[in-house]
Amino acid sequence: MAREAWGRWGAEDEAGAPNLAGPAEVLRAASLVRTGRVVPLAQTLHAAMPVPGHRAGMSHFMGRDGGDYAAGAKRPGGFQFAEDTVVLPLHSGTHVDALCHAWCDDLMYNGFPGSAVRSTTGAQRLGVEKLPPLVTRGILLDLAQDGPLADGTPVGRAMLEAAAARAGVVPEPGDAVLLRTGWLEAQEGRPRRLISFDAEPGLDEEGAVWLAGAGVALVGADNYAIEVLPFPPGQVFPVHQRLLRDHGIPLLEGMQLKPLAEAGATAFLFVAAALPIKGATGSPLTPVAVL
Amino acid sequence: MAREAWGRWGAEDEAGAPNLAGPAEVLRAASLVRTGRVVPLAQTLHAAMPVPGHRAGMSHFMGRDGGDYAAGAKRPGGFQFAEDTVVLPLHSGTHVDALCHAWCDDLMYNGFPGSAVRSTTGAQRLGVEKLPPLVTRGILLDLAQDGPLADGTPVGRAMLEAAAARAGVVPEPGDAVLLRTGWLEAQEGRPRRLISFDAEPGLDEEGAVWLAGAGVALVGADNYAIEVLPFPPGQVFPVHQRLLRDHGIPLLEGMQLKPLAEAGATAFLFVAAALPIKGATGSPLTPVAVL
Amino acid sequence: MAREAWGRWGAEDEAGAPNLAGPAEVLRAASLVRTGRVVPLAQTLHAAMPVPGHRAGMSHFMGRDGGDYAAGAKRPGGFQFAEDTVVLPLHSGTHVDALCHAWCDDLMYNGFPGSAVRSTTGAQRLGVEKLPPLVTRGILLDLAQDGPLADGTPVGRAMLEAAAARAGVVPEPGDAVLLRTGWLEAQEGRPRRLISFDAEPGLDEEGAVWLAGAGVALVGADNYAIEVLPFPPGQVFPVHQRLLRDHGIPLLEGMQLKPLAEAGATAFLFVAAALPIKGATGSPLTPVAVL
Amino acid sequence: MAREAWGRWGAEDEAGAPNLAGPAEVLRAASLVRTGRVVPLAQTLHAAMPVPGHRAGMSHFMGRDGGDYAAGAKRPGGFQFAEDTVVLPLHSGTHVDALCHAWCDDLMYNGFPGSAVRSTTGAQRLGVEKLPPLVTRGILLDLAQDGPLADGTPVGRAMLEAAAARAGVVPEPGDAVLLRTGWLEAQEGRPRRLISFDAEPGLDEEGAVWLAGAGVALVGADNYAIEVLPFPPGQVFPVHQRLLRDHGIPLLEGMQLKPLAEAGATAFLFVAAALPIKGATGSPLTPVAVL
């Protein structure tokens, strides 16, 4: 009932469920391309993005810019350039949670100790750089076809099955399953300080286990934390624990799924490649759907 | 002879040559998938990466980690997690140069003023978030099949044509052209402080113009700056100026191309999606080849 | 009426009014020490400090800590240590505004051009490292003896003279004048998001000019911006412009003055030494009063 | 023989030896002011400062600057300003080591556990904000009157006593003792990459214990680590352990002492006030001597 995927790909495995998206799944996914339309699935990253109260936003600093030339900076050989630096909390915007992001009982996915994640080294095990780029079939389960789900709505097996039926798809091994709850769209235009990160519609444990049982390689959603908030009484991030730790399934949070839904996409070539930051617990990225 | 691409996609265009990789090119690229093998093309990002002297390296900070739990931190509901932040110069590791990265005569690609790039706003025009994810045919031009090119070797049209002939490919509109010079591989194992960023083999202006003339959507390479260093006398980053500014062609620097060469890949599905950081001049990313 | 101090200490002067606190003023100040009590005048700096909406807060990251040892990190020779890094906006907490912080008409104090302050170099003129440590007589003008002034209360000459009379002091050349408005104390215990930076009691232009006319070396206060907010109609930070730019008087914002008032201090040895960050526009610091 | 100061100022004390600089010592120090000359004792902080290989340098970013106005930024009401942010490793430049910086046997000064220093909270005990500003007598022990000491020279009791005799001073309880080894001066003009942090002249354990026995409140020096490098065989930072942990004496590293020596200063009013960063292990600061 727990630790279902531990040992499945060997005692040293640090990739988890993305192992299920092998060459055959890549070929299947490539064959789904019909129109050649590319749909980016990421939010824009910027300093004014809403963030939960316990987290800092990103900062973006220009080290050199056009203003410097306007102010008289030299341009050797005529060359002018600009460059910049970000201070970037890695769970910002649209991002993947690496398998070292969450755990319990001091043990992470595949039995690696939580103590392998340290200030001095980052994650010595299960860092985001251990996740291979994912190229596989993506399926969109649209739960918001009638408008955003209400905050606190748990998305369980029945809702997932109904959405899959509407889409005419069935989750299969190696799939990237993308859940549209409408949460992100519902925040649009709201003043930043009025956006709550305490409640959202999202996956419940039953739904999570059902997806894991289908062999999915990744679960993504357009909400803040994949799973329903508030948590069931006495539990804290149960879906994170079940999917990341027990099933080795990375989570892709904060996706922009409205354009995909509006395009009527249901099954498509999906590509998601994190920044290979050594020892990191996550990474912003731009997943793409190719229709 | 200069500003060749200005106005080609309209006065307001901020995407440049990636416009050449439209649905037809996506379909062509998807049809190239043969084995389903996915090859990531990025260097690992870490604090000890070599960087040129005028740039800072990245820093990676854990905000919460396994050590905190070992030291006694509470685990409400049993939940444990780790999270982290990077200070990330955006031209680190394998990264794309956005079209606002380099210019001359105070004008950037498509005539946008350099003064649109400011400390307060970042790039109001041509920021990296304006580059669409690129899904297109990639071709590998392997210039290092007999070992790394010597530092200072200019890669011109003849060498490019010879490499293309060896690979049995011809650069076509919308292609992502990847140049393997062997530079990155030659640095492997060198102590960080002995790695020079003053000399490298790379594209010269003739070669760059030839690629641009072929209609390529992007030029990538495994060296530090795409172009040959040192520059020809009196010039400073001439290839950056010609490709980014005149032709609107983004550059993809610091790629890891050895595995692709070793796989014998010549033409393949190529996907590159930058972080959509508002107003940024570039972005690390993980390009992938799908064979 | 404007630019009063320009040229007073020479065309190349970058120190401004602190020039008025010379050896004689230092000796005078040292002679004021009576009890040997040291009163620190700075707020604690931490990540949860309230900041105005357009600014980021500080971040504090541990690079090595006790948790790492609890998790098993090695301790060569038994040695254990911790170290850390801050991302620190320089106008955080109790801080000094350097003379390059504010200007108008493209000219800063002493006629230096605003264009000398660039992304690439920081402030080539008037950076905070050009401010000498200030050791001089401090005087406390307590405007909040009956409780915090209401937001929007302008502090003009009459209020300053009355406070000085109550304290039995007269501002003299070289003095550091500290204004207690009660603003900071009034924020204590308020939830961070309810703290407004749009209104506060503070110095008005008349009061500022009166202090400048007295020859003070520095003006400090316990509010966010020294001057009254909102501004008089049509003006933006007029006191910053008059004091920093016209009179070369650095400002010391966000001071913790309640303990000084409670100690009954009126004239004392005052020491304020900024971090000498090359080209910076300000610096957090810990001013001290020695009673 | 170890843990000499534990419990001396109570089981909850987090200030350590600075407790020895009380009102009487402040009064004594103030009485030493003779000429009113103020000598700052800090290095300038800038991005190109040499740092040991395992540490990152500081970065300085302008968020708004004169270039932005040159490029056309608006100036409401005529007001122009600049502001900036630093990424600042706290043991940069001239800085104080807080009592939580180093320890052994999992116990810090006064028996507080090393596990109180965590990523999530910083140092819950002995953070730099717990160090009171130090206002006391400073004495300069000039070991470099004949030129910089050679790297690796241990400074023991005899050298300290000889230097004190030359200066005509005796270390007394509450003193800040400043050691000039000449190391910092010897690095001036050296290319950054040639500066070694593996060897330096500095205090040895015998010298450290002698100073601690005299009751000093703080030990400062012009070298990188106070203590001699390389360490004696089998030991790692023994002076850090003895002074910080056993005696509760903060260390002030990287001081600029040449101007003080050139002024012939031997005993003077000394003021050092760290940034009160909650939970930090150290802080850059600008100590001053008042002659």
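Read from first to last, the chains carry the letters A, B, C and D; within each, the first residue is number 1.
Just so it is clear, a contact is a pair of C-beta atoms (placed from the backbone, for glycine too) under 8 Å apart; a residue touches a chain by one contact, two chains touch by 3 or more.
Worth saying up front: this structure is predicted, and the values here are computed from it rather than measured.
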Joint neighbours of chain B and chain A, given as chain labels: C, D
Chain D against chain C, contact positions shared by both copies (same if over half, else different): same
Chain B and chain C, separation of their C-alpha mean positions in angstrom: 45
Cα-centroid distance, chain C relative to chain D, in whole angstrom: 24
Per-residue overlap in chain C, given as positions that touch at least 2 other chains: 56, 59, 61-63, 65-73, 85, 87, 115-116, 118-119
Pairwise touch network: line, ring, star, complete, or other: complete
Contact footprint of chain A on chain B as seen in their complex: 22-27, 30, 33, 35-38, 40, 42-46, 55-56, 60-63, 65-67, 69-70, 75-91, 100-106, 113-119, 122-123, 129, 132-133, 135, 231, 234-238, 240-241, 269, 271, 273-282, 284-288, 290
In the complex with chain C, residue positions of chain B that touch it: 59, 61-63, 65-73, 85, 87, 119
